[in-house]
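Dropping the structure in here first, questions after.
So that you can tell them apart, the chains are marked A, B, C, D, E, F, G, H, I and J in the order they are listed, and the count of residues begins at 1 in each.
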Amino acid sequence: MLFHVKMTVNIPSTVKVEVADELKKKEREFSQKLQKEGKWKHIWRIAGHYANYSIFDVKDNEELHELLMQLPLFPYMEIEVNALCKHPSSIV
Amino acid sequence: MLFHVKMTVNIPSTVKVEVADELKKKEREFSQKLQKEGKWKHIWRIAGHYANYSIFDVKDNEELHELLMQLPLFPYMEIEVNALCKHPSSIV
Amino acid sequence: MLFHVKMTVNIPSTVKVEVADELKKKEREFSQKLQKEGKWKHIWRIAGHYANYSIFDVKDNEELHELLMQLPLFPYMEIEVNALCKHPSSIV
Amino acid sequence: MLFHVKMTVNIPSTVKVEVADELKKKEREFSQKLQKEGKWKHIWRIAGHYANYSIFDVKDNEELHELLMQLPLFPYMEIEVNALCKHPSSIV
Amino acid sequence: MLFHVKMTVNIPSTVKVEVADELKKKEREFSQKLQKEGKWKHIWRIAGHYANYSIFDVKDNEELHELLMQLPLFPYMEIEVNALCKHPSSIV
Amino acid sequence: MLFHVKMTVNIPSTVKVEVADELKKKEREFSQKLQKEGKWKHIWRIAGHYANYSIFDVKDNEELHELLMQLPLFPYMEIEVNALCKHPSSIV
Amino acid sequence: MLFHVKMTVNIPSTVKVEVADELKKKEREFSQKLQKEGKWKHIWRIAGHYANYSIFDVKDNEELHELLMQLPLFPYMEIEVNALCKHPSSIV
Amino acid sequence: MLFHVKMTVNIPSTVKVEVADELKKKEREFSQKLQKEGKWKHIWRIAGHYANYSIFDVKDNEELHELLMQLPLFPYMEIEVNALCKHPSSIV
Amino acid sequence: MLFHVKMTVNIPSTVKVEVADELKKKEREFSQKLQKEGKWKHIWRIAGHYANYSIFDVKDNEELHELLMQLPLFPYMEIEVNALCKHPSSIV
Amino acid sequence: MLFHVKMTVNIPSTVKVEVADELKKKEREFSQKLQKEGKWKHIWRIAGHYANYSIFDVKDNEELHELLMQLPLFPYMEIEVNALCKHPSSIV
């Protein structure tokens, strides 16, 4: 089941650079693990923004929520979620 | 070059049903033609809405604009465009 | 799988009263059919508004979308969808 | 008398982790006490958000306000309240 | 039980003047009947706007909704509802 | 001359509890003084919010502004002001 | 007593040109009459918009409302009203 | 050349009272100097707000910008600028 | 003197195609005339939208307003105006 | 390929003046380097704001993103990006 997720990252300046760097490193590793498992199907950078559009392929709402809550940068993210379904014009 | 496009369709009730049906049919054909050419890479229905999230793969801004302007339903669409680039965490 | 849906109805004055009444009657029948099947778990009127908050229990995103698209008043509704999951504090 | 309440939690990073954890623990206990008393009829997590949709069943506006003001996380919550009534299509 | 209601009237130009005048006359009569019954406690015009702030004193949410739905101008109103309670600083 | 005022209080967590308590105590005293003088005609708590709707009865715009600027919590308030006049349907 | 008023005019295309022209002529005459009486102290066109910023000098809220309601273009205006007072830095 | 400027002041609580007082004193002096030179034609307090509506009469956009950037409270202001021109109904 | 103008065109479906085409033709001619005179310095299409960003170079606010009001499509445009000045980092 | 970028700078008061000055100096140098290379085609100050409208001429979305991410003031900027194309009325 697919979900469209927009994540906008906003790390406050009170977070130390090393802490932020460690969080970003963990974020990347976690993201790549989920991509390899096929759960995080797509991730694109939005040009000019510290933000991404992502497509998740999960079993249900619960799994989506659990994955998002585990994102190391979750406390500093604004997140928008939209449930997707097959488009009648899609050739896939 | 990738672009993220959100299209929300709103056909006013003053448009006759047959005209709307013909427009939707042409829209589907045009969309599928572009999908087959690899220019309209993804299209997903947003659950509960007469709207879609799409990913276009085009040569440049001009080509994106020309494609969108040719959409049969363009006059009845609200469109949002965001330029995309490869995400540093992407494994693709 | 649960979804929270807000529906706001806005029938334009160009729709004849009899047509609107027929649509509302069909809407009620369809809603009650889904409630009896357990797919439309809750529906509450929002005081002072021609609008409701509803909880749907469906198999997946596709089923939610198909049900909403079949609502007789769908063309005159503004809809907001949010995926739900069990709350960690819930005693249910 | 039913009310629909959306609560969005935003604990600022200046609150220490232990303090936040203690507040969350108390919040859960208070929520479960009210659920058992039948005053907090439903609580659902909104997927991807540190937020919930809740249904309260209270005697009047005063009781709703008093309950919400006692929430241990109230100072860090953005709250939206809507009065509900029975929907004419409801089979309950 | 008190509710704060903002009503903004917007009669479309497609409604004939005589029809609008008749609706306004009925609206005034209905409003004054409720004021005399003590259910519509206050009504003030907002300077420069075809809008009012009102205070209703009703038994419960259901009664508020029923009264508002009976307003002759309801189909042409945008309505905002807020539940009120006694303010701790109030001397009344 | 009547004015409708919405006050939303937001005391930042950097203000010490004792300071906040002292401000709230002074706010209540000032509010009650103005209520007794008939200048602050009504004050209602908005259910679920640290906010109120108030009606002021003052000589002119200047007096309204001076009163609001003297509110001990003014620096932590978001304020909305609307000039009121007698509603043509009012029976008062 | 001064009020700041922003008026944005939006005459729908369903209003015939002659009717609109007649309304605009009456609007101008009414505006100039009030300017000569000193009640409409200032009126400026906002560059690029069919809109104006105006300053009214009236006895009270009632007079402001009555003047605005008499504007021939009132039914096609979006209006914003703000009560003004002398600024402490003003040298006037 | 006239410009309409709305200034909303928001001095954060981290600025010491003496610093804020000194800034306000300098702001007043600067404002009065410009008023005397005829460049800051009008300034009105918006009732209930730490904000003003002002009219500037300057040579060009550059001069407007330079004046606004010199405001001692500029770093704590939210500013809105609108270019004005003579209104066709103005009798001035 | 430079101004940044965003124009969004929205021709309602009630305008006949021939009328719209004639307006667009006149719009183009008027735009090109002003471009040749150096008053409409830049015009860019915003990809995916029937809208443009433009830079005008005019004598003053009055001239800007007069030019915009003469646009054949002005009645169907939403316009945003911002006064520009030389940027301190500009090498021009 | 052209992009329209609006940058609004908001340096928090927690950043020391010397640090901010150094960042601004580097920002100017970087901006002028890109202007000389022809990649940052235009930059205009928006009158009354610490903000600019800019036009970038880049190879693709990736290059735009890389340039913006290198802006020394990027962490303190709110950025809006719009893809541009040649306008059919443009004489250039």
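Convention: a residue touches a chain if its C-beta (ideal position, glycine included) is under 8 Å from a C-beta of that chain, and two chains touch if they have at least 3 such contacts.
Values in this document were obtained by computation on a predicted structure and should not be read as measured data.
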Interface numbering overlap (same over half, different under half) for chain H and chain I: same
Half is the threshold here, strictly exceeded: which of D-F, E-F or F-G has more than half of its contact pairs identical to H-I by residue number? F-G
Distance-wise, how many Å sit between the C-alpha centres of chain A and chain C, to the nearest whole number? 29
From the C-alpha centre of chain E to that of chain J, how far is it in Å? 50
Using mean C-alpha positions as chain centres, tell me how far chain G is from chain H in Å, no decimals. 23
Could you pull out the residues of chain E that touch at least 2 other chains? 2, 14, 45, 47-48, 61-62, 64-65, 81-86
Among the chains present, which pairs are found to touch? A-B, A-C, A-D, A-J, B-C, B-I, B-J, C-D, C-E, D-E, D-F, E-F, E-G, F-G, F-H, G-H, G-I, H-I, H-J, I-J
Which stretch or stretches of chain E touch chain F in the complex? 2, 4, 27-28, 31-32, 35-36, 42-48, 52-53, 55, 82-91
In their shared complex, chain J is touched by residues of chain A numbered 13-14, 45, 47-49
List the residues on chain J that touch chain A in their complex, please. 5, 12, 14-15, 61-62, 64-65, 68, 75, 79-81
Given the complex, residues on chain B that touch chain J span 1-3, 60-62, 64-65, 81-86
